[in-house]
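These notes open a run of structures that come right after.
Presented sequentially are two complexes of chain A, the first with chain B as partner and the second with chain C.
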Partner chain A sequence: MSEQGKEHAEHTSHHPTYGTYIMVWIGLVALTSITVTVAGIKLGSLTLITALTIATIKTLMVTYYFMHVKFDNRVIKIFILVCLIIFLILWILTFSDLSFR
Partner chain B sequence: MSHTLAHNEVSFLEYQGKHKGIWGWLLTLDHKRIGIMYLVAILLFFFVAMTLGILMRLEMLTPGETIMKPQTYNSIFTLHGVIMVFLFIIPAIPAVFGNFILPIQIGAKDVIFPRLNLFSWYLYIIGGILAIISLFTGGGAADTGWTFYVPYSIRSAQNVSMATFAAFVLGFSSILTGINFIATIHRLRAPGMTWFRLPLFIWGLYATSWIQVLATPIIGITLALIILERMLGIGVFDPALGGDPLLYQHLFWIYSHPAVYIMILPAMGVVSEILPTFARKDVFGYKQIAISSLGIALIGYLVWGHHMFASGMSNTSRVVFSLLTFLVAIPTGVKIFNWVATLYKGSIKFSAPLYYVLAFIFIFSVGGLTGLVLGALATDVHVTDTYFVVAHFHYVMFGGMGIMFFATCHYWFPKVFGKMYNEKLAVIACTVIIIGFNILYFPMFIMGYMGMPRRYYDYLPEFQGWHVLSTVGSWILVSGIMFMFGNLFYALFKGTKAATNPWGGTTLEWRVPSPPPLENFDEIPVVTGGPYVHDKPTYIMHPSRELQHQNGGGKISQEVKSH
Partner chain C sequence: MSDHEIAAVQEHSGHVVHRDDEGSKMGMWLFLFTELLLFGGLFLLYGGYRFEYSEGFKAAAADMNVFIGMINTVILLTSSLAVALSIAALQENKKTLSMGLLWFTQVCGLAFLVNKYFEWSHEIHNGIYPGGPALENMSNGEVIYFGLYYTMTGLHGLHVIVGMIFIGFVMVFIQRDKITSTNYQKLENAGLYWHLVDIIWIFLFPLFYLLH
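What follows is the complex of A and B.
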């Protein structure tokens, strides 16, 4: 087998099974229904916090399993971490407005 | 080897590859030809936007109607802004000269993804065409100002959707160019070209590329939301549907403020190229200038809220953003002082590019310092949405990036086209431009301080004297610009042949013929020292020949390390 073929085989062997994909999908659907339900309950500022927390968990699930970050090498993980940190800074600065308005 | 030499016997302008004539340009993968295609398109848009600017100034010559109706005026200032910002200022230096010079300065034969590079150009053209189509379709040209602020942009009957979609497409062009440059700088540097041997223009492009990649997607999504808001009424920004218009301003400026640094950092990079060349001296504080580019990119990313001090943002946010804004002045100050120190005890040769750079340092300092007036909470309230902001913006953007674009056109003209322009005429044009620029924009500081609001079609008679002065300034400025481009255009056909290194520059592009051959180098050079060393050679242009002669192949790594 050529080097490229080996790499390809190694890469595909790490792919999650269909069962995992279906479990993640069911999880995403469940979280979406929680978001919709919570939106209908009057929780004040907690509504936003809950919605954003669930959205974050869903994003992580998609990134980790569907986008294969769980099985990628460290450099890719570091790049994603840097993006997340930048996003967090932008988020905190934006909320320095919304939270104190 | 013989294959490479065959490619390199003629310049990239004369080389005939698989495709001939116009197809040789439209299907080219050569970074230099793509750079020139950007130049042609960008200049076209620049002249359109400049004409709109002159018409605006002409309208302001007298109070009330002078040459157009209010609705036309609203569309014209919007178009002037959209075209200048998205189609000229952002791409001008990186897309034209970044493309042309970057691979040569780092000792590479091309950018790392040549096809992606050509695709970026096509996206740019598609975005430009969409912007033009938006003028004549739907309800007519957008009238929101280049910021597309909600809720007006949601309700405007004009063709805002297509104008924002055009900006969306242009954003992709920008992101792809950014990715291409980052990967090229990381992967294609010549042996010995360590990070701190990179020319400072490359550092400017590197910092800019990161902002392009990280910030542009945000404007893309935000403008897409405007379109969805207009078509489906999703209610993210529209207060009538429970949306938050301030969220739009946050998202818009999260991109558009760093975009200011996308515009200015490559221009600052060119300043750091021109000064050591014409002062015949190594640049003062190389590492500080290089790192301050990254510093500006980083802090510049966190100051967007200063555009919203008078929009109803929280007090906490105002204080945080004001403080962060003041911090940007530090790395900018580092650059200015290092540039001035580079001139100190230099053997200065006055030439058109240097005159532009000196004008840049003066004008940009005025623009930067008036930025602090706007960054301070109390004074900002007084001058918000007045001509003071318009003046500040044009001093930093036109005085900064625009003037440096002209400098860049002169500095690399001999390299790109292999011709010399008339130096005397170039200096006269530069003088006219600088005088016209200040007469046009300086009265705006005074008018703004007196309370003249921006974007108003009509004004009180007491402002007329300043408006007349400003309009006369626009005539002088445009005459200077036409004169300058006329001189360059004439040189394109009738100029004398340029030598390989007409200015005595020390970076790699001055070691290849003017204009360069298709693959830039016969052989990838080896770098043995910093980019601005004047007294000894720091490049080995034919390592296989030169080093084999001296001490066998092992000498290459030794040479690279020893400096």
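What follows is the complex of A and C.
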């Protein structure tokens, strides 16, 4: 068996405990109520930015803990990063086109 | 796959079964990226049109029921927690607990869809549907908003149904001991799918319900 395989076998056994998951969930619900509260206040253009920032933080929490990316090996981490960069390029190019028309 | 896992598989079936959990996980992630592009394209469309028709979007979103949207968000977040916990439970060989948590996830998925049903019926009742009386008197921005609303939440709802079917299959596998504490990648993959559905809703909720 390769060294990498051994390393991985150890990694999978390091999944978080029930308590960690419940803490993450409490955080997610708290962030949801914050988004709703903030949206009720008239902040103008800041509303969208705060909503998207909070949604991004929630996404990171879900992927990192619930989807176990924190405990995945480097190959999968890089894999996800590359795909996110491709996705961001798609967004940035489209919106730069849209805003400078 | 580690040595003791191969040994465990051999013990039960008498012959070596080749299994690549890491490859399976990677395949699932690859599939999730195609899902990301599918919804990403729709979010791009949303972004482009919102940029152009911000007033119409705001007017249309004013009728949304923020409370139901928020309840649905909490339902999906809780179901995601249940899936994550069910994996942890199965890893500790607590089959009954794991199954119970997956049943809870199914109930959450169903509750989400029931809420969605009431929401859509309310809007359709108010004449907001293709060719409907209310839609005809709306501005372009509002019509586009509702078009995207039905498409995106509808496609998301389909994903919830698919996720429930996926988890249903996994539950049968757990019941028949095809998914065990040493062989749980299928459950993990179902979980990944369910969390993706959750993440999509995390973005849909503020974008369609919280425009002021």
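Definition applied: the second predicted complex is superposed on the first by the 82 of 101 C-alpha atoms of A that agree within 3 Å, B and C clash if a C-alpha of one lies under 4 Å from a C-alpha of the other, contacts with A are read in each partner's own complex, and residues count from 1 in each chain.
Please note the rule applied: a residue touches a chain if its C-beta (ideal position, glycine included) is under 8 Å from a C-beta of that chain, and two chains touch if they have at least 3 such contacts.
This one's a predicted model, so the numbers in the text were calculated from it and none came from an experiment.
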item	value
First, second, both or neither for A:74, with chain B first and chain C second	neither
Partner, of chain C and chain B, that touches more residues belonging to chain A	C
Which superposed partner A:94 touches (first chain B, second chain C, both, neither)	both
Doubly contacted chain A residues - partners chain C and chain B	83, 90, 94, 98-99
Chain B to chain A touching residues, read off their complex	214, 244, 246-247, 250, 254, 301-302, 305, 308, 312-317, 320-321
Complex contacts: residues of chain A adjacent to chain B	83, 86, 89-90, 93-94, 96-101
In the complex with chain C, residue positions of chain A that touch it	1, 5-6, 8-9, 15-18, 21-22, 24-25, 28-29, 32-33, 35-36, 39-40, 42, 47-48, 51-52, 54-55, 58-59, 62-63, 65-68, 72-73, 75-76, 79-80, 83, 87, 90-91, 94-95, 98-99
Complex contact set, residues of chain C against chain A	1-5, 22, 25-26, 29, 33, 36-37, 40, 44, 47-48, 51, 66, 70, 73-74, 77-78, 80-81, 83-85, 87-88, 91, 188, 191-192, 195, 198-199, 202-203, 205-207, 210-212
